[in-house]
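Consider the two complexes below, in which subunit A is the common component and subunit B and subunit C are the respective partners.
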Partner chain A sequence: MLTRREFIKRSAALTAASFVGMNLPFQLDKAFAETEADKWVRGTCRLCGTGCRVDLGLKNGKPVVIRGVADSRTNLGYLCMKGMLFYKVMGHSDRLKRPLYRAQKTEKFKEISWDQALDIAAKAFAKAIQTHGNDSVAYYGSGQAQTEETYLFQKVFRAGLRTNNVEGNPRLCMASAAAGYMTSFGADEPIGGYSNIEKARCFFIIGSNMAEAHPVVFRRVMRRKLDNPKEVTVINVDPRISPTSRIADMHVQFRPGTDLALLNAMAHVIIEEKLYDEAFIKDYAVFKKQGEKGPENVDFEAYKAFSADYTPEKASKICGGNVTPDLIRKVARAFAQSGATVSMWTMGLNQRLHGVWANNLVHNLHILTGQLCKPGADSLSLTGQPNACGGVREAGGLCHLLPGHRLVENEKHRSRVEELWGVPAGRIPPKPGLHTVAMFQAVNEGKVKAIWINCTSPAQSLPNMEPYRKGMAREDVFVMVSDIFPTRTTELANLILPAAFHFEKTGVYGCTERRSQLTPKAVNPPGEAKPEVWMVREWALRLAKELNDPVIAKCVEPFVGLKEDYDLPKAIWTEYSQKITADQDNDLRGATYEVLAKMPDGVQWPAPTEEFALKGGTVTKFLRGADPMADKEAKDDKPYQFYGRPDRKLYVWLRPYKPAAEEPDAEYPMYLSTGRIIDHWHTSSMTGRIPELMRANPYAFVEINPKDAQKMGIAPNDMVEVESRRGKCVLPAKVYEGPIEGMVFVYWHDMAEERMINKVTKDAFDAISKEPEFKICACRIRRLSGPQALKPFVVTM
Partner chain B sequence: MPIAGLVIGIEPQVMHQATQAISALKGIEIYGWNEDNIVAVVESKTSNEIELAQKEIQRQPGVLSVTVTYLNVEDEVNP
Partner chain C sequence: MYLLNKNQGILLATFIMLFLSFLAFTAEAKREATKKDTHPMVTEQDKLMPCHECHKTSTPRVYQEWFESVHGIGNVKCYQCHGTFENMQRVPDVNRCAVCHAEAFGHSENKPCWQCHKAHRFQVSK
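Coming up: the complex of A and B.
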């Protein structure tokens, strides 16, 4: 078995050998036990939102290797280390194998049978509903759950249990991007996709360290740049110098949160120097501001007057860092004049008090310069999780959404969904449920009495986590968790249900670029672990009896008696894709399981027919000739039909610069920001158990700018306390020309008690998207000691 | 720990001596050779040491050129 180091050495040798046309006695894919695998099963990577296609290699039925799929239009055969190694999760000894239960959270867990577990779960939820009402129960799911799972959960909760307390962890990462697309374009998700990378002449990478967070997409950007060094400009906008900054022609480093001023100043330059696309604006744009009573139309002159205030000189003062008026002008010109600019961003813009505004401001630049729907031009929000789009945003996994990109508050949408589900009118409550922070605050207050947490660990991933951990630990709140490994959240559960992992069950993931891809079951899950779709069905049937409510059973009626490994998820996908998405903007009727199984990669919606789906689906939305909905919804003969709205327009929003929720002050004089590193995924419940990945990154660090470190007498690896008004952590220091002076950056994956940085972060959230501002809060740091021997840590039973 | 892939150009007549000399150097692993090139991988503690290794290889008999064709560098914490 190859170690990571050995793999890199062989890569080095192979690259050198290819220069001189030399054949070496090994090939990398053979090194990865190709000769050992006797069967290959094609699926999608379990980790980030890129959507790499993989082949899982089995030997005697056991997973032994993963390789990339060369024909895939997402990863082109490449994988990162997490993608290559996640098969090691499957046979891991820490896997949860049997349901576990304790009546009191202070007791030890006991193994119970599935019958007992499902009875307990049904009784607990029934009791809560009967005693405290329908909204005393909740579901908190995940952007890593398969679409079939999220869809079935939300169907049972909404139409069965009659609550819209359906949420998921994409509230913490993508809600601002979704709301940004909705407010700017009238429709969620990107217009284009990765195919624009190879045609772009300018990359505007803001609020993203894609070299580590989306390494395989970054590889395409890097390749494009390195192959065309003079023709392609890379602009990286980040308060931190990251590995992504290494390929940047211009790195813009600013005080956290001031990017709102920067983006407005860029628009200022574009207007002042007449770099905007007048025809595009005339045909496709309207200007909007948020008035007292709601959105108001304004004209281009009003927008110009608004932008006039954000001179490069003014913005440069607000931004600090290396942001000179000259740099702003250079960046704006490069953006506007390339003719093919792709913007990419993730959490730096989304996890903000004004995350939706930040998204709008990037879309503004594309609308003003007409850089949408054209080859190489796109405003492409990179999705963090593998199925935040497909499952949660598209299939109704947030408290205000219904499946098929519908809204809870829209009566016609509710009626339509009730009709399609065959449930009585009025079953779905008319108001959105509790968004994530509100949901867990309700747990804290004992207002939510029973919660099902699936495939995520909010006890570690919520900002300002300590009060929420205390809340989940309440004895009067029934907490049930379905997962594959013990986590900080299973530690607070009454009932733990062992879940099947990726490739141990069949289901669909929808990635960043509107692409749905199927991963079939390849191996059995360990012990008695079950797919979540089976759990929901069995639980719903019991709940229907407990509450004497046949409509709950009706929600799962089409799926009763189906075998859980394939037929059950297929039936759920069929109902969702054929009935729910029909004629919606995420039309997936062409993407049947049979079609998805034929594709080397998957299908981009809208894909209303199988014929169109087999060609790959819609590469560019709103473009006539490329998007069947654009043709169908065309109101005139313009080439772009922005059918998200009746007026077929895109909105340029007047959004001001406003500071973060908590800025540094005398008591807490530094900015704290947090993020991921390449080898660890989220709370490291998976990657922390893969030896190669854990060895490379055994614990989290706090990155400190060398000037700050010098002032405070902090040397590399010194132990440093990072403290805010909410809590503190102790971490080893990495002194690094990374974060801007006055800011520290902490990796958030570490589960060790003293290193979970969400104890320190703040749970202020965007008023529109309800997404918390993980990226900015105020802290102070102090040196505690010299280097200490540290132990890597993951939660075990 | 940086890892570099190297192509080393060698005078064809002295290939045998060159491979012997280079494989004796610390931190350098030969992966293959043909008539006039050796493919090797250097592993070291710092990027500076990669450069020193390059110079050391250059000094060996029969070596015409040393080219780094692949470099993997994890972030180095400045001591």
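Coming up: the complex of A and C.
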């Protein structure tokens, strides 16, 4: 047995505060039963946006094991620990099994029937609409909901309830990436995909700890690097040294937020040393700057003059850290001269006040060097959630979007969707709805009177969460939550609807690389839990009666009477893919349920025909001969047809360096950044209940640079208060050379009251994407005590 | 009272000795089995430390091999193969390899993976 001293010593490099007499938040007795499967069902992983294909093993109808699918072009058979263990969510004793209701949020929940629940839900939304208007109701969904679910929710809300208050948590993670693609390339989602990894000669990984957040994509990058150590260069650009840095040839560590200067300085070097692709620029690029009245055209010379200001010398002073002029030049040369550079990023660029600009600046480098549409070259945004792309960005899951990559504010787009839905013209309001922060501010102000929150926990995941928790706790706001487990958000609900989990229902997920994949129902949901598509349909039919509005019923009319296990989601997918995506850039007509069921790894759009879809779809967008849309939309004989815009051009943007919304000052002298850890997912409502995963990372800690720790007298495992102008947390310290000096880092999965770091983060958001700046705010830290008793925690009923 | 003759006594004594040996063997086998799949006793608080934090010092060679291997770089953690305390296997069931390496199964008959791909190094061959 270790002594306490040995324990503290051994855990010094990491963290694990000592405690006694704890109760683990999971039952150990039956959690580990493993056995051989007698049946395998193929689907997609429930967790991150990689899109790993899995075989779920069943024994006597119960899930017992998960294996990766070797034929899959996403994961090549590999899985991370979350992927191999998520089957333990099914059948967990904490699952929500029956609808729960309370009229007042101070009351205890009572079990009610589905009939009662749907009636209550319909009456609450009807009352809000009748009393306060259509925009007093809202839907807040998830990048983990299936496409069929998001599509049906937004259809009923937009055309049925006549509000565009349709949002989702991808606003918190991918909105800047989507706006970055739109503003730079004229079309959302990556041009290429994972297949470029095995052809790349340079990886530019910026703002992404992909080793933990996307472990299976990282494995491919790692394999490429280890197999070709001299030919392949890996550049990791991050204020924090992370497990991703282990494969890096160069780690660029800079002061948070200054990567805008770094990226402009790289462009400076590329121009100064004439490393750009002149022919590519001439054929495909135009230069843009943001004028007072909107985007303005400028020429290449103006862009050169703009980037001339970002000398490596100047940028290195802005960036700090280990950034020297020489390092910037080396990085720029490696990027430009490889001939096959893949950039990858996630929240480090997206969750920023200038997140769209940061995305534009990465795209700029690819456009300048002509590294797009070519083998091994791509500007590849890694998606956080499994269906943020497929369900939310493609199927109309944000307040400004209509399904099929259409825009609410575009009259032709609205008319077309109304026509396809068979609802009266003008039914979809012309004004975009409330984006996420605005939506929950409207809840705070009592302007939103009824909200349906599906498959996500904003009470923990919103930045600066405390005011929003108070808003959701208002007694005059009806909060309805559909989920599989109790969360911080179900704590604030009036009505909880028990949802079926992945593999307990049928539906499609669309991952990072434009790939749609089907997961069929394999097991029954527990108790009376139901698929969300069933909930929406039944609720809409009741709402139609309550509001005496047949158009609401019309929204779900094609789906009435269909069984929720398969026929219902199939009919929704068929309407969406065959009608809504037809001739759009995300054309999925070829990706029928039958085709998707045949494919080991789904289909990449555009895939207008079944014949094309059965070959896998479009690997490289805009490339003639590879992308049927590029052939169809071709305006000349050039090999690339950037059909996102009528002018077929890519935009190089002049985006200056601007600081974060809240920089450190004398009162709050440190940067706080937040992120993920490999063993957990989002608010840990699932992974916190899987014993192996919870035990591997039982509670959040604050990472502190040893120099800062020394200055403040903080030793490993000491309890430290992290405080901002908005709130504070108390966490054990992990002292190591991870974050840059002057910065602390906390992962956001922990749902223990004293460790939820979103009490501290800031809800400033990007002016274009409306995505909040989770990654940067000012804070101060202080040592409270030595190691203290801590307890892993998940919310239970 | 029925008395044994000499030969019967020798036979009975031999039988008893064999039986006791069998029991002892079985008990040892059970102990071995227990040892095989049971982690040395640690406190509940220790169980919340990442496995490798202790094994850095308790089995430094194993730790170092793992850390430098593709599993170490790729963040494939101890519990993914060995399980955690309640379901620990000192020598993992080969089916655990199949979670990621199902396609490699069958390329060598009747040999566990680690006979060629040394445990914790995971190189293509020993």
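We adopt the following convention: the second predicted complex is superposed on the first by the 762 of 797 C-alpha atoms of A that agree within 3 Å, B and C clash if a C-alpha of one lies under 4 Å from a C-alpha of the other, contacts with A are read in each partner's own complex, and residues count from 1 in each chain.
Note that in this section contacts are C-beta pairs under 8 Å (C-beta built on N, C-alpha and C of every residue); 3 or more make two chains touch, one makes a residue touch a chain.
All values reported here derive from a predicted model rather than from experimental measurement.
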For this session: Could you say whether A:Ile66 touches subunit B, subunit C, both of them, or neither, answering first, second, both or neither?
Result: second
Problem set entry | Of subunit B and subunit C, the chain that contacts the larger number of subunit A residues | C
Exercise. Which partner does A:Ala211 contact after superposing on A: first (subunit B), second (subunit C), both, neither?
Worked result: second
For this session: Would you check which partner chain A:Ala582 touches, where first means subunit B only, second means subunit C only, and both and neither mean what they say?
Result: neither
Exercise. Looking at the overlay, what does A:Met222 touch: subunit B (first), subunit C (second), both, or neither?
Worked result: second
Exercise. Who does A:Ala305 touch here: subunit B (first), subunit C (second), both, or neither?
Worked result: neither
Problem set entry | Partner chain(s) touched by A:Tyr78 [first = subunit B, second = subunit C, both, neither] | second
Seminar exercise, completed: Both partners, subunit B and subunit C, contact subunit A at residues 10-11, 13-14, 16, 19-20, 22, 24, 243, 696
Seminar exercise, completed: Note: in the complex, subunit A contacts subunit B through residues 5, 8-17, 19-20, 22-25, 243, 696, 716-717, 734-736
Exercise. Which residues, counting only subunit A, touch subunit C once they are in their complex?
Worked result: 1-2, 7, 10-11, 13-14, 16, 18-20, 22, 24, 28, 31-32, 34, 36, 55, 65-68, 70, 77-81, 84, 211-212, 215, 218-219, 222-223, 226, 243, 246-247, 678-679, 691-692, 695-698, 792
Exercise. Mind pulling up the subunit B residues that touch subunit A in the complex?
Worked result: 1, 3-7, 29, 31-34, 37, 39-41, 43, 67, 69-72, 74-75, 77-79
Problem set entry | subunit C to subunit A touching residues, read off their complex | 41-50, 53-54, 56-57, 70, 73-77, 79-80, 83-87, 95, 98-103
